[in-house]
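In what comes next, chain A is part of two complexes: it sits with chain B in the first one and with chain C in the second one.
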Partner chain A sequence: MDLFLQLLVNGFINGSNYALLGIGFGLIFSTTGIVHFAYGSVYTFAAYVAWFLATSFGLALLPSMAGAIVAAIVLGVACYTLLYRPLELRRAPPLIPLIASLGLNIVLENLNAIIFGSGVRSANFTSGVYFAGPVFFTSVHIWQVVSCAVVVAALVLFLRKTRYGRAILAMTDDPNMARVVGIDTKKVSYIVFALGSAISAVAATLTLMKDGASTHMGFTAVFMGFVAVIVGGVGSLRGVIAGGLLLGIVESLGLWKISTEWQSSIAFIVLFIMIMLRPQGLFSIARR
Partner chain B sequence: MEYIYHIAVLFCLYGILTVSFNLLVGFTGMFALSHAALYAIGAYTTAILATDFGAPFPLDMIASVLVAAVISAVIALPALRVTGHYLVIVSLALQIIVLQVILNWKSLTRGSDGISGVPSYNVFGFAITSPDCFLIVALIALAACYWFTHRLVRSPFGRGLRAMRENESAAQAVGLNILYMKLSTFAISAALAAVAGSLFARYFRYVGVDSFTINETIYVLAMVILGGMGNLRGSLVGAAILVALPELLKFVPLPVDIADKIRLILYGLVLMLILLVRPQGLLPEPRGRKAMLVSIEDESGPSDAEKLLDGEGGRKGEVVLQGSNLRKQFSGVTAIKDFSIALKRGQITGLLGPNGAGKTTAFNLLTGFLKPTDGVITLNGRSIADRKPHELVAAGVARSFQDLRLFTNMTVIENVIVALPGQSGRRWPSLFLHPARIRAEERANAARAMEILRFVELENKAHETAADLSYAEEKLLVVARLLATGAEVLLFDEPMSGLDQTTLGDIFPVLRRLAEHGKVVCIIEHNLDVIKELCDEVYFLDEGRTMAVGTPDALMNDPELAERYFK
Partner chain C sequence: MRKFLTAAVAAAAIFMAGPAMAQEPPKDPDAFRFGAILAMSGKGDWYGKVMSRAVLLAVDEINAKGGVDGIPLEVVIEDHKSGVAKEGVSAMTRLINISGVQAVLTSFSPPTQAIAPIADQQGILVLNGGGTSMALLGLTDMMFHNRTLASDLAIAAAMRAQELGLGNMAQLAWKNDAGESMIAAADPFWEKTGKSIVATEYMEIGAANIDTQVAKIRVSNPDWVALWAFSPETGLALKKLREFGVKVPLIGVEYTGDVKELAGASAEGYEYATDFFAPSAENPWSEQFAKAYRERYGEAPEFYAANYYENVYVLAEAIRRARAEGGDYWNGRRLAQVIRKSPTFPSVYAKEMTYQDNNVALKQVGVFRIENGEPRFEKFIDLNR
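Here is the complex of A and B:
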């Protein structure tokens, strides 16, 4: 029972990280229709920047995270400006940006490796261990859950209360209609790329704190984000959060019965089954 | 010199991979990015059989091909339910799952150690270990794979693949069996990748999962896109360039691990740049006359419409296609509530009604694109429940689409040929079993397609790309394509909308002649003048119900309908 509780809590904590990734990735995907695969490399880049700031300048967690957010926004917006926007202007068929983003991902991933070197880089942010009954968790875990909640709250406020937030919602519903009613879809696209990348940097810094940064961390991250989006239903914030948590819990509880070497496959199998059975997601009716 | 031979062997391996991948992504438009996993399955099958069981060539390669083809077909069955982005993501997930299985099934694959000491090929006691000897083997394999794929794509089967890529539902509507084509392509593409995998195992004499990561699929994808999707020669060019290009890096003094990463960056850059600058690739898909499989001897002969349309037996006025008490419910919405229709030989039946009345849904039910929730559809008295659209086309029921759905990146005449019935070349094994028969059929079909084009007066545009036609010409091509199916029941979804008076004058007699020759014609139409002019009988539909049936005059004089709709 104790093990079950611990796994459940671990799953919930990992899940909140997946939810963050899903929110960022899903924001870009549902608004612009671009499967931004290089999101993974932007995330990796952010983790390395946070690592660099923390180890070279001795910055604490929050300042490092702020630096990572800025770096991620710059890189994410650059991706849109240099690759996706020109493709949109050429009216490339919908699959082409996805294929191009696979190329972009390889380029960025290896640039990351050249700049920051391969191998795991870790930063020593101060961290404590806590117990709640039989369940143990660390300050990273608290950070992960809290930052997910903060990001979600801020995002909901932004989407509901600001002009651009409502423009994003409109574009998610129907890009063509949004254009017809006079929404500047180009500007909105820039905003979602900036927002999505910023959110990835939050998740990246916390992953750095927990497991360290490594060259290939982005690939799993972007897949987890995608799975959360698919499980939750494209365009549904509530769905993505539920999807991310569910994925984390399924993956963690899987450890109970399934040997560890298969753990990394669980997400892909969940993805496979979800797309086969319910491509519209679990929560597609309860939009947002 | 040894080094050059080694590069040439690599080119052969990648050549096979690009050609097989182009078949899948370029010709068929299915971006299933699990090619490296199938390559791995080929390599591992050979490595295991040759190392642990001493299987000699060609048993190892045959086994690789079969295993990969079967696994690919099994994977394809569920994966084919999704398209576009979802297919890409599902196939990437599959790629990872396959590699995980290989990594974790240690008793068979030796996990992360990989399988080393795979025996090299042995010809009469002479071991093929050096790159120059192996190059001969690799070249033969490449030539065979190229020849095989070339045969496939330059055939009625290949034309069907491209039609399916352009528009899947339209491909079904001209009688193509989508499931058969997709499964075949998945299996064949995997089988060819497995040939490359089998060679890989015998050449490097070692297999490990690192050689078959997602990046491998992306290199091959970059080669295919660089060379040109839908062009096999382009694939070889793409493979040659991208195998040779990174080798130039060897002349730049760089640490090994950096050079390796720069190689990857190079691939990624090429992929992005080509999509931005020249998305059709270095060698684009053949168009115009080059798209033809045979040349037509006599392109300007006289039209012989009588011959084109004869052969419909049966009594005028007999009911051919009948729908009774049809109902169609989508989750929550009932699009068709109660609809009955009887289409008669030699008559033009009109389907009239306001937008959203359920006219197109009625067509979808009658042609097998949707299954009715309730009700019976019979063709010549026999129920056609559960028949797929392509089976119904073969049985004699074909339809057009309101939004045309031409195969826009194919030539005008290809749009027509692809719809002609009874092509044995649509089944790929016949391409190799009866090549002569297929050529003869193709000649006859090309001539017949030309005749149909003459009938709709598009013969001068035969070799133009359908995307370049004017709207009126597109509409005529829709009629030509529907005629080409040879079906006796022809359902036209708004064939006249958006046409000027002159073009209408061109299409009217065409439809009338079809009916006179014993075809069963049904049109969806909004224009009352057209209905009056053409139709023998009109069904008036609203809110998913038949409101009235009768001659055009009777309907338009009906005081209630007149009050509500014809004001």
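Here is the complex of A and C:
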């Protein structure tokens, strides 16, 4: 039972991280229709920037995270400006941005290695250790759950209470209609790339604290974010959160009685089951 | 009479052929071009960086001294993308068909295993300095290893645990051939000591999250934890095990710069058994290599660098010996023959090393303990015990 509780808590913590990744990835995907796989490299870049700021300037967690957010926004917006926007203007079929994003991911992954070196990096942020009965967790774990909650709350407020937030919702609902009613879809696309990239930087900084950073960390991150979006339902914020948490908990509890050698298969199994049983995801967009 | 005539003709043929073969001049190529299939990209690109640096250093050194009997060495470096078998096969095919190599240096178990049948069929000498899987043994007579196999390292680590009087073992292993081979070697060894194995957990290469594995190990209450993985996952495992409150001894098979970076203070007290390269005055070559490597790359060589540096010199020496026998000596089968014929070679580790019957060079395995972030040599382990 002790192990069950520990795995449940681990799953919830990891699920919060997957949800965070899914929110950022899904915001871009559902609004612009771009499957931005280079999101993984933006995430990696943010982790390395946080590491650089923490180790070179001795910055604490929050200033390092702030620097990583700025860097991720710049890179994310640059991805849209230099690659996806020209493809949109040329009316490229949906498959082209998808392939371009995979290529861009490889280019950025190598650029990260050239800029920061190919070795693993860790930042020495202080981390407390806590026990609640048989269950163990660290302050980084708490940060992961809290940051997910804060990002979700801020995003909900932004989407519901601001002009651009409502424009994003409109564009997610129907991009053509949004354009017809006068929404500047180009500006909205820039905003979602900036927001999504900023969210990736939050997750990246916390992963740096928890497990360290490597130039290849982006693939798993973007994959888990992608699965969370598909499981939860494209365009649904609560769906992505549910998808991320479900993925984290199933991944952790699934290994309670079976060997951990199956760990990497579990995300695929969740994805396959979801695609077969409920292809629209747990929470498809109610408005559509 | 007929028998006598047959014997006479045979003796005459041998008499005539013998001097003719001995006198046949060596057929020299313009250059001795060989390949190196390394992890130049992907999750294990640190290995490719270190190994390729050492190979280039050795090639430049040999060529600066006039090459091998006046003929330069040339290396073509290919990428198996951190252990992808099919990339290794593609690289091997390119090296043979486009570059025309007769010898290949290789690393990582899956690509090395995948290229073995090609080497066997095409007669290409393969020198492995990094792949550690037991599965590499017996694949072909064309392949030689100067890296202690993972299974032997695991046994050395378990022998250390036995010396320390440790009890029940939990093991955390890479989910790949090297990890499996370490489990396959350590399990029977540890069971023979009369102690139990209380947990066996796996992690992927490049694993980002091993919380579940560590939680399962923690509740199994082991007396020590064996880490059957290499860089950088060993670092992540050390960090997570200590973070989760696992206070028992941790014993593994590697400690590199990446492990140190990831594990930080969690590596304190960690012990590991590994190929041991340390420059010493007893072997001036080792000091010269360490100095040249440091001057060229700004850091001290690790044993992976030493293995690949040494492999280039093994190749050069094999070429020299084969050339002395004359004829069409620049082919993999002749090179493999001369290595088997006289399997002792100068070693950058000690004065010399000898390839055993299984084509694995017998080397010393050192046990180290991490103190203040740095490895401190504890003792040698004799695997023949």
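Methods note: the second predicted complex is superposed on the first by the 284 of 288 C-alpha atoms of A that agree within 3 Å, B and C clash if a C-alpha of one lies under 4 Å from a C-alpha of the other, contacts with A are read in each partner's own complex, and residues count from 1 in each chain.
What we mean here is this: a contact is a pair of C-beta atoms (placed from the backbone, for glycine too) under 8 Å apart; a residue touches a chain by one contact, two chains touch by 3 or more.
Because the structure is a prediction, the values reported are computed rather than measured.
With both structures placed on the common chain, the touch criterion links A:Arg121 to chain C but leaves chain B unconnected. When the two complexes are overlaid on their common chain A, residue A:Leu102 makes contact with chain B while staying clear of chain C. With both structures placed on the common chain, the touch criterion links A:Ala113 to chain B and to chain C.
In the superposition on chain A, contact is made by A:Ser264 with both chain B and chain C. Residue contacts after overlaying the shared chain place A:Leu157 against neither chain B nor chain C. Residue contacts after overlaying the shared chain place A:Ala149 against neither chain B nor chain C.
When the two structures are aligned on the shared chain, A:Gly212 is found in touch with chain C, with no touch to chain B.
By the document's definition of touching, of the two partners only chain C reaches A:Ser252; chain B does not.
Contacts of chain A with chain B, set against its contacts with chain C after fitting on chain A, overlap at residues 110, 113, 118, 261, 264. Every residue of chain C that touches chain A in the complex is listed here, in rising order: 41-43, 45-46, 49, 175, 200-204, 206-209, 211-213, 215-216, 218-219, 232, 235-236, 239-240, 243-245, 257-258, 261-262, 264. Listing the residues of chain B that touch chain A in their complex gives 31, 33, 78, 81-82, 84-86, 88-90, 92-94, 96-97, 100, 103-104, 214-215, 218, 221-222, 225, 257-258, 261-262, 264-265, 267-272, 275-276, 279. Residues of chain A touching chain B in their complex: 35, 83, 86-87, 90, 92, 94-96, 98-100, 102-107, 109-111, 113-114, 118, 219, 223, 226, 230, 261-262, 264-265, 268-269, 271-272, 275-276, 279.
Note for the complex: chain A touches chain C at residues 2-3, 6-7, 10, 13-14, 110, 113, 118-122, 124, 127, 129, 131, 136, 138, 207, 211-212, 214, 216-217, 220-221, 251-252, 255, 259-261, 263-264.
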